[in-house]
Structure formats: structure tokens, C-alpha cells
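Common to both upcoming complexes is subunit A, partnered first by subunit B, then by subunit C.
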Partner chain A sequence: MIVATAQTSGRESARDIPVWDPLVRLIHWSLASAILLNSTIVDEESTVHEWIGYVALALVGIRLIWAIIGPKHARFSAFPPSPLRAVRYLRSVVQGNRTVHLTHNPLGALMVYNIWLTVIVLGVTGYMMTTLAYFGAEWVEEAHEAAFNWLVFSVALHVAGVAFDTWRSGVNLVRAMIIGRKRVAEGQEVE
Partner chain B sequence: MRLSIWPAKTRERRATILAGLILVQAISALFFIGDVIEDFGTAWQLGDPHLVLEFVAALALLAGVVFLMIELRSLLSRMSDMQTGLDVARGRMAEVIEAFFDEWTLTGAERDVAIMILKGLDNDNIARIRNTAAGTVRAQATRIYGKSGTEGRAQFISLFMEELMAGDFSQGGSNDQPARGAPRDSPPKAPPSPQNRT
Partner chain C sequence: MRKLALIALMAFASPALAEEVAMDTVLGTTKDEVTATLTEMGYELRKAKMEGGKIEVYFVRDGKMGEAYVDTQTGAVTKLKMK
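Now for the complex of A and B:
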């Protein structure tokens, strides 16, 4: 009975559904810290900047492997990159649909791939700047700069999207990414 | 039941530690591999024992990471199996409670009060939640005890405790050993028959 009370106490008849495994959460927050550190306090000419960049690249690499061999919710198949689904989802949001998506919603999924790809571009161009072959090459530096601007824009959009979806669906997404579980109100549709 | 909660928490801790290890080891592995690749580019000499060793070490590291990942995945799936088992048990307990209530022909209000009694609320709290007078709740509680043939709160609750402890309700779904050491091969329990007790 202790278990039963523990589950039903708090909000009336809400379900706590485990979604994000610990590895996904650790990678998410490590990547977020890496991006934050490298874009704000770390001097961009320093070796620390380089190392943090490689760590970020490694994090994305590990996440990609985990998306192949990991559990159901961490896999690519749980959030396929599909602009078509994103458009359909956008239309349903406008119509006031409050369906909860257990993993990323289709729009959020696109953002995930976008951020991973951007970090990879940043990492690769950043590495190229340290090699002899591309040292001082203008276009590499410009690409790195452009990718960084795009990343800042993407992260801002990502945070705004999380805030919007938390407001729309009533599921606190930040909490879900910290403790791993989404609290879904009774009777709310889950996809 | 408290005993069966602890392993779940331990497993959650284990999963988190495992995830942290995977992360650190994977990052180390990737750096090591990057180093090896760089060495291959600059000082490539077939059969250089140093390079060969480095290459083997890098492969072993990577294999270790993949192995840990698979280990973590199976730990996570065991945890989710256990959750399913708990949900089944919870669902069954709810069914058992409903069956008792039906048998006693409790009214809607009495059902609410009975559930709150089972959850350990006292009459004053129940009255506050239901926005009624404490006397009303007391009367409802008395009717519930009368209909169930019990002599008060403690005996009423023990009716359900007995149900919880006697049956093997972890069957169906869960692959884990039953928490209380109940025999796995006990025959499936017949649907609750509260009339035996009234």
C-alpha cells in the first residue's frame, strides 16, 4: 500500500512515466554545460576551448551510438527526423490538440538533430583550424563562426520551445530531463 | 512492501552510476582513438609494436564502452519490467478493493470515504477534503463498517491487508522473483470472494 500511496499522492491521478534514461540525461546536461562554457567564459583562443569542443563532439558521438543500441525511448526510431510529421504536428497544435509526446514531439525532434549536426560542424571546423593544412584558412573560420551563431539561435529556440510545450501540454519538460519521468495528467492522450 | 521498494532505488542509482561510467570511459576511448589515428597519420610503420598495442587498447576500450551500454540497457529494461509488475499488482489491488465495495453495496460517497480510510486519513481530514461535517463522515464510516461486517477502522483495513499478504499477485508480466518469497508455482488465485467474510 505504501507504493500505491506514493504513486497517487501529489496531483490527483497523474501518471509518472519514465522516459529519459540516465545516460540521455547526463549527455544532455553535459552538452548544455559544454556549449555554455565554450560560448561564454572560456577564452576562444585557449586550449581549454579546444578540449571542451572535443568533449562536446564526443558527447554527440556517444549519443548517436546510444540512439542505435539504447533503450526504446532513446532510439532514432522514437523520434524520426520527419518534416512532414512536424508540419502535421504544428497544425494540430494550432488547433488546440494537447496530446503529450512521450519522447520529443516531432518539432522538437527536428531541433535535436539540428543541434547535434551543428555541434558536429563546430567540432570539425574547430579541429580543422588546429591542423596545418587548414590553419588560417578563412572559410573554415567563417564556417565555425556561422555555425556558432546558428547554434546560439537554435539553443534559444530550443529553450523557447521547451517553455511553450510545458505551457501547452502541462508536462514539465525540464523536470523530465532532470529526474527522467514525465508526469502526465489523467485522461491526457499520450503518443 | 517497503523492502521491495529499496531495490528499485538501488537499481536507479546503479543505472545512473553506470551511465556516468559509460560517459567518462567513452570520452576517454574517443580521445585515445583520436590519438591513435593521429599517430597512424604521422608515424605509420607497418608492425610497429607500440602502434599495434595502442590500436588494440583503443579497440578494447571501445568494446568495453559498447558492452557497458548493452549492460545499462538490460538493467533499464529489467527496471521497467519490475515497474510493469508493480503496476499489475496495483491494478489488481484496485480490482480487489472494487470487488469488496460492490459486494457490500457501498454508495458513491461511502466508497470515497472507504478509500480515504484505507489510505490512512482520519475522520477530520476526510471531512475537510469532502467539505462535510465530521459527524457525517463518522456516520458514513459506521455504515461502512456495518456493511463490511467489521468492528472498526483497524479490522476494516486488516481485511485488505490479509488479501494483500495471502495472494501471489505478482504473477503475470513480471519476470522478477516475488518480493515476499511467495511460491511462484502456486495456483492462480480465484477472484476475490468477499462473501466468505461477511
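Now for the complex of A and C:
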């Protein structure tokens, strides 16, 4: 386990643990920006919308490769998709468990895979609309729209989950995704 | 010779083939009319639906994709996107 003692030692001392490498953070915030731009101010029929979509697709692609070759905490193995673990985690949360998960908690991990998959579906169906074969095909457009609605719902749930976990564990997750480190209180269990 | 015959055949078979959808082209005031006109012009209709009070059509011809909005009052194309 990597433990770095924070500068401010004393009774309030906490461990500042590096979790998210620069690429993970860059991809996270770039993807968030791409989603925000494409769903709000960018005209959905514009070329800009298409390019932002391809950028989002590429970001997810790079992230998936990084999850294989990247550092420990960025890897799939650090947050395997497991509904069973998610259920077990949910039960422990209800019971008041405050264990800190270094990477994503099991529920958050599922959300991560869900969002990546949804962005891929959006990117692929979006690209299909521009091809001669699927141009004007109703089902492709409907799939794109359904995926978009699902993404909006997922992002809302993701933000709520981050807020809840920050409150529950006392680790500011937004800060962690910005500076890369999780500040864990003294004596708090880490998984 | 064969080429010439082909050109002649094309010219006779569908005189409307050379006609291209452009801004202000009158296509019709109903979905059915617009569909019929475009088909006659040699376009493959991909979709036709009402969108914001206009008839929105997607069509394909010679590997090119087009999307047009048609005014239901005048029957003319008010917005056109070709790719």
C-alpha cells in the first residue's frame, strides 16, 4: 500500500494517497466536457457535433487501452465490473461501513463501465448516421437518442453517487479527480 | 458505341435524373407529394417526417446524401444539406 503522510501532521493528520494519474484525469474531464458541449450548446446537426463525438469516442478508446497497459490504479483489475461486489458494497454502506476504496467503489465501477459503453454506442450510432448505408435510418437515430437519454440519466446518477460517496467516506472525490490524490483520514480503512 | 447507347438510354429513361434538389425547388406540400417528386427525380427516399411544421426528408442519390426541409404552404425547399 502506498502511504504518503500529509504535510500537516498532528492530530488531524491524514494520508494523501496518489490514485489517479494525469492521463486518467485528463480523459475524465475531457470526456465530461465533450458530453456537456455536445448535449448543450453545440448544434446536433453540425459538423462540430460530429467531431466532438469522435473525440469522445477516441477518449474512451484511449482510456480502455490505458486500463490494460496503464498504472495499477488505472487498470481494469483495480475496479472489475462485478454486480455481486456492487450488491455486497451497497449492503455494507447501508450498514454504515465507511471503508475508503482507493479507486472506484464497486458501484462506481459499474457506472464507469456503463458510461464508457454508452459513449461508445453514441459514437458508433452517430457515425452510422453519416454513412450512406444508414443515412436517414430511423432505428439508428432512435438508438442514438435512447443512448443519449440513458447517458444523461447515468451522468446525473454518477454525480449524485460522487456526492454521496464524498459525504459517506469523507474523501472528496472531485478533488481526487482534479489533483489525483485521495486524502484519507487517520485510521480509516482503505480497500 | 455501348457507352453512347447507355447515355442515350439514361437520357430517355429518366429525363429528370439530371435535376438536382436545390433551395426553393418545389417538391410538394404533403409528405406523399414530396416523396413522389423526389423519387421521380431519381432519389432514394430514406425518411420523410413532420418536423417543426415542416416536412423533413432524407434522400440519397449517386452516393450523395441530402436532407431537406420543405414548407407545407409553398411546397418549396427552405433548408438543404447535401453531403
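FYI, the second predicted complex is superposed on the first by the 182 of 191 C-alpha atoms of A that agree within 3 Å, B and C clash if a C-alpha of one lies under 4 Å from a C-alpha of the other, contacts with A are read in each partner's own complex, and residues count from 1 in each chain.
Methods note: a contact is a pair of C-beta atoms (placed from the backbone, for glycine too) under 8 Å apart; a residue touches a chain by one contact, two chains touch by 3 or more.
Quantities reported herein were computed from a predicted structural model and do not represent experimental measurements.
Participant: Go through the superposed model and pick first if A:L102 touches only subunit B, second if only subunit C, both, or neither.
Facilitator: neither
Participant: Of the two partner chains, subunit B (first) and subunit C (second), which one does A:A137 touch, if any: first, second, both, or neither?
Facilitator: second
Participant: On the superposed three-chain arrangement, identify whether subunit B or subunit C touches more subunit A residues.
Facilitator: Touched residues of subunit A are more numerous for B.
Participant: One more residue to check, A:D21. First (subunit B), second (subunit C), both or neither?
Facilitator: A:D21 contacts subunit B only, not subunit C.
Participant: In the superposed arrangement, does A:E45 touch subunit B (first), subunit C (second), both or neither?
Facilitator: Touch status of A:E45: second partner only.
Participant: What is the contact status of A:P71 with respect to subunit B (first) and subunit C (second): first, second, both, or neither?
Facilitator: Touch status of A:P71: first partner only.
Participant: If you stack the two complexes on chain A, which partner ends up touching A:L151: first (subunit B), second (subunit C), both, or neither?
Facilitator: So A:L151 meets neither subunit B nor subunit C here.
Participant: Taking the stated contact definition, name every residue in subunit A that is touched by subunit B in one complex and by subunit C in the other, in rising order.
Facilitator: none
Participant: Given the complex with subunit A, which residues does subunit B contribute to the contact?
Facilitator: Going by the criterion above, the answer is residues 1-2, 4-5, 12, 15-16, 18-20, 22-23, 26-27, 30-31, 34, 65-66, 69-70, 72-73, 76-77, 79-80, 83, 86, 89-90, 93, 118-120, 160-161, 164.
Participant: Which residues of subunit A touch subunit B once you look at their complex with the stated criterion?
Facilitator: 1-7, 18, 21-23, 25-27, 30, 54-55, 58-59, 61-62, 65-66, 69-71
Participant: Spell out the residues on subunit A that touch subunit C in their complex, using ranges where they run on.
Facilitator: 45, 130, 132, 135-138
Participant: Could you please specify the touching residues of subunit C with respect to subunit A in the complex?
Facilitator: Contacts found on subunit C: 46-47, 58-60, 63, 65, 67, 81, 83.
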